[in-house]
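So, here come the structures, one by one.
Shared chain: subunit A. Partners: subunit B in the first complex, subunit C in the second.
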Partner chain A sequence: MTQRASGPADRATYVFAVARTLDPAVVADLDGMTAGEPVRLLPLGSLVGVVQSVPAHDFTDDAWQQRLSDPQDLERCARSHNEVVSASAAHGPAVPLPLATLYLSDARARQALEAEADRFHAVLKRIAHHAEWGVKVYSPPASPPAGAHRPAAAADRGRPAPGAGLAYLERKRGLQLRREQHHEQGLRIAEEVDAALAKLATAARRLRPHSHRPSDTQGSQVLNATYLVAEQRSHEFAELTRALRGRTGASIEISGPWVPYSFVSEV
Partner chain B sequence: MTREPVPWDTPGPLSGPIGVPLVDLLDRVLATGVVVSGDLVIAIADVPLVRVSLHALLSSVSERVPAPWPDGGPL
Partner chain C sequence: MSDVDFRTGSAPVPGPPNATLADILERVLDKGIVIAGDIKIDLLDIELLTIRLRLFVASVDTAKKAGIDWWETDPALSSRAARNALQDENRELRDRLASLEEGTEQTEETSRT
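Let's look at the complex of A and B:
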C-alpha cells in the first residue's frame, strides 16, 4: 500500500443530509461519525450538504464490513448518523442520505450531489412539514383453546377407549385449524390497521417485518409499516393508533417522529 | 393535570441514549434515504453489501484524485 503523507486521499467526505438552507451552528457541535472533525456545511449551488471529513482509512469497505458485524459499532454509527440528520431537519426539511454515503473529496461530493439537485428539490417539497411514523403490529398471542381441549382422564391411560385414535386426530386437526385461523386473523388485523392509517397519511410504505425471536413475548410481527404524516395530523395519527389498539386487541407499537427516511427515494 | 400522551409512553423498548429502538433505526438509516451514486455506499439485507461506484473508479484513475484504496475496492 502506498501511503501518502498528507493529501486528499487521506480524507473522505461523508454526507449526512441535504437541505435548502441551514444554520451552521445547528450541526457544529455534533460529533458526527468521527470525533475531532467538525460537522460542516458544503454549499451545493441552491442547496447545502451536511458533511464531515473523515479519515479515509477508517471508512474503506473493509472497515465497514467489520463495523457491520460489530453490533456496538454499528449502533454507534447508526445513532451518530441519525443524530446529525435529525439536527439538520429540526428547522426545516432535510433529505437524509443512507448510512455511509462517502465521497473521495468535497469536490466529488459537490459534483455528484449537484447533479441530483432537481431530485433533491422535489423531495424537499414533498417532505416539507411532514414526519415519518413507524408502526409495528404484533398479533395477539393465541388464546388457549377454550373447551376444545378435553384433558384426557388419567384413568384412561393404558386402556385406550374406543375411538381414542380418532379423537386424537381430531384434536390435532383442530389445533392446526386454530393456528391457521390465528395467523389469518393476524394478517386481517394488519390489513385493517394499514388501511386505516394509510388513509390519514400522505404516503405509506411497508417495511420487511422483523423475524420472530423465541424470546419475544409479543407474538409475531404481522405489520412493519411506515407512514408519511403531515405535521398537523400527527395528533390524529396517534389518536387513531390508540383507537385501533382498542378495536383490534393487537399490540401496536408506534415510533417517531422520524426524519422521512423512507419517503425520499421515490421521487 | 393530565399531560398529552406521547408515543414513547408506550411500553415499547427504549434503548440507547436517543430513545430510539435500534432495530427501527437500522430499518431506516441502512435501507432508505436518497441514494446518490456515492463513491461508497453500503447497505445490508437484500441490497449489495458494498458498492463502489463506477464514477469513483473512473475519476480515481486520474492523478487528480488518487484512490484511497490500494486495490480499487471490491469491483
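Let's look at the complex of A and C:
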C-alpha cells in the first residue's frame, strides 16, 4: 500500500469501465468527471480499468447527493460518465460500472476489481459484438368516439335532449370506457412489440416506463424495454421496429447503440 | 471489431448522440456491473432524486430534453391539452348535430311525399 501516503485524504479513484485491452488514446482527451485530470488506464492483470483521479472531498456521499440534486450537474455527470464508457467500448467490449464507483486509491481499485476478474471476463464474453438498443412504445392517439363502441352515446342521439346531468354522466362514463379500452389496446401493442423484438434479441429487459401517470391516455408510454442485440442483427432489428410501427400504428422510438449497461449485472 | 475508426485523435464515441437524459440516467444509475466501492454512494437516494426531478422540474427545457413532457397532455397544466379536449368535445357535438339534422331531413322528406 505505497500509495496510502497520498491516498485517502486528497485523491480518490473513479472507475468508469473495465475492458480486456484498450488504446489509451480513445479516452485520453475526455473530460470525465473532473476537468484537468486525465482519464487513464489502470492495469488489472488480464484486464484494464478506465479510471480518473478525482479530488476526494468533491466525491463524498454528501457531495454527490448535493451535486445530483442539481438537474444541470446531474446531467453533466451522467453524460460524462456515459461518454467515457462509450469511448471505452469503441474498439471492443467494455463493462460499464454504475455512476459513482469510487475507491480511495489506485491500489484499492486494483484490489477490488481484480478480485472480480472472473465475473468481468464472463460479462465481456457475453456482450462481445453486441449492443444495447432501447425501445419505447407510445400508444397511438385515442380514436375519435365511434358510435359502434359507445352504445350509451348512440342511444342518446335518438332521444331528444335528455337531462343535462344524465347526459353529463353518460358522457363521462363513455370517456372513461374509451380511456380504458385505449389503455388496454396500448398494453396489447406493447406485448406484441416486445415479443417480436425479444425473438430477435439475445436478451431483453423491461425498464420502468417514463412519467407514466394513470391519467395519461394520449400518447402515454406503454413500453420501455431494452434489448441486447448482436452486431450483425442490428440492421434487422431496426427493420423490424419499422415494420412494427406500421403494423401497430403506435409510435415506436428506438435508441442506440448503447454499451450494454442493462445486460452486465447478472453473470 | 471490423469497423475501426482510426482517427484516434478525436475519440470516436459510439452510443446514441441524441440520447435523452432520461435514457442515460436509467442506464448509468442502477445498471452496470456493481462492485463494492470504497466510498459508498447511496444510489437509491440518487434514484429518488431523479424521480423528484421528474416531478418538480426546475427547467422545462431540461425536462423536455429528458423526454419528460407529461404536462403537455395534462389539461390542468397545458392549454394545448385543454384545447384538445375542447376539440374532441366539439367534434362529438358536431357529429351529433349532423346525425340529428339527417333525421329531420328524412322526416321532412317523408312528410312532403
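We adopt the following convention: the second predicted complex is superposed on the first by the 225 of 267 C-alpha atoms of A that agree within 3 Å, B and C clash if a C-alpha of one lies under 4 Å from a C-alpha of the other, contacts with A are read in each partner's own complex, and residues count from 1 in each chain.
Keep this in mind: contacts are C-beta pairs under 8 Å (C-beta built on N, C-alpha and C of every residue); 3 or more make two chains touch, one makes a residue touch a chain.
For clarity, every value in this text was computed on a predicted model and none was experimentally measured.
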Room on subunit A for both subunit B and subunit C (clash or fit):
clash
First (subunit B), second (subunit C), both or neither: which does A:10 touch?
first
Just checking: does A:90 make contact with subunit B only, subunit C only, both, or neither of them? Give me first, second, both or neither.
second
Taking the superposition on A as described, I'd like to know which of subunit B and subunit C A:30 touches: first, second, both or neither.
second
Per the contact definition in the header, classify A:110: touching subunit B only (first), subunit C only (second), both, or neither.
neither
Using the touch definition from the top, say if A:126 reaches subunit B (first), subunit C (second), both or neither.
neither
First (subunit B), second (subunit C), both or neither: which does A:238 touch?
first
Can A:57 be said to touch subunit B (first), subunit C (second), both, or neither?
first
So, does A:81 touch the first partner subunit B, the second partner subunit C, both, or neither?
both
Could you tell me if A:72 is touching subunit B, subunit C, both of them or neither one (first, second, both, neither)?
second
Against subunit B, colliding segment of subunit C, chosen among 7-15, 25-33, 79-87 or 97-105
25-33
On subunit A, the residue positions that both subunit B and subunit C contact, one per complex
12, 15, 18, 56, 59-61, 64-65, 68, 74-75, 78-79, 81-83, 85, 95-104, 108, 112-113, 116, 119-120, 123, 132, 134, 207-208, 210, 255-256, 258, 261-262, 264-265
For the subunit A and subunit B complex, residues of the former touching the latter
1-2, 4, 7-10, 12, 15, 18, 56-57, 59-61, 64-65, 68, 74-75, 78-79, 81-83, 85, 95-105, 108, 112-113, 115-116, 119-120, 123, 132-134, 207-208, 210, 224, 226, 238, 241, 253-256, 258, 261-262, 264-265
With touch defined as at the start, can you tell me which subunit B residues reach subunit A in the complex?
5-7, 10, 12, 16-18, 20-45, 49-50, 52, 55-56, 59-60, 65-70, 73-74
Which of the residues in subunit A end up touching subunit C in this complex?
12, 15, 18, 23, 25-30, 56, 59-61, 64-65, 68-69, 71-72, 74-75, 78-79, 81-83, 85-87, 89-92, 95-104, 108, 112-113, 116, 119-120, 123, 129, 131-132, 134, 144-145, 153, 156-157, 207-208, 210-211, 213, 215-216, 218-220, 255-259, 261-262, 264-265
Subunit C contacts subunit A in the complex at 1, 4-5, 8-16, 19-43, 45-46, 49-50, 52-54, 57-59, 62, 65-70, 73-74, 84, 88, 91-92, 95-96, 99-100
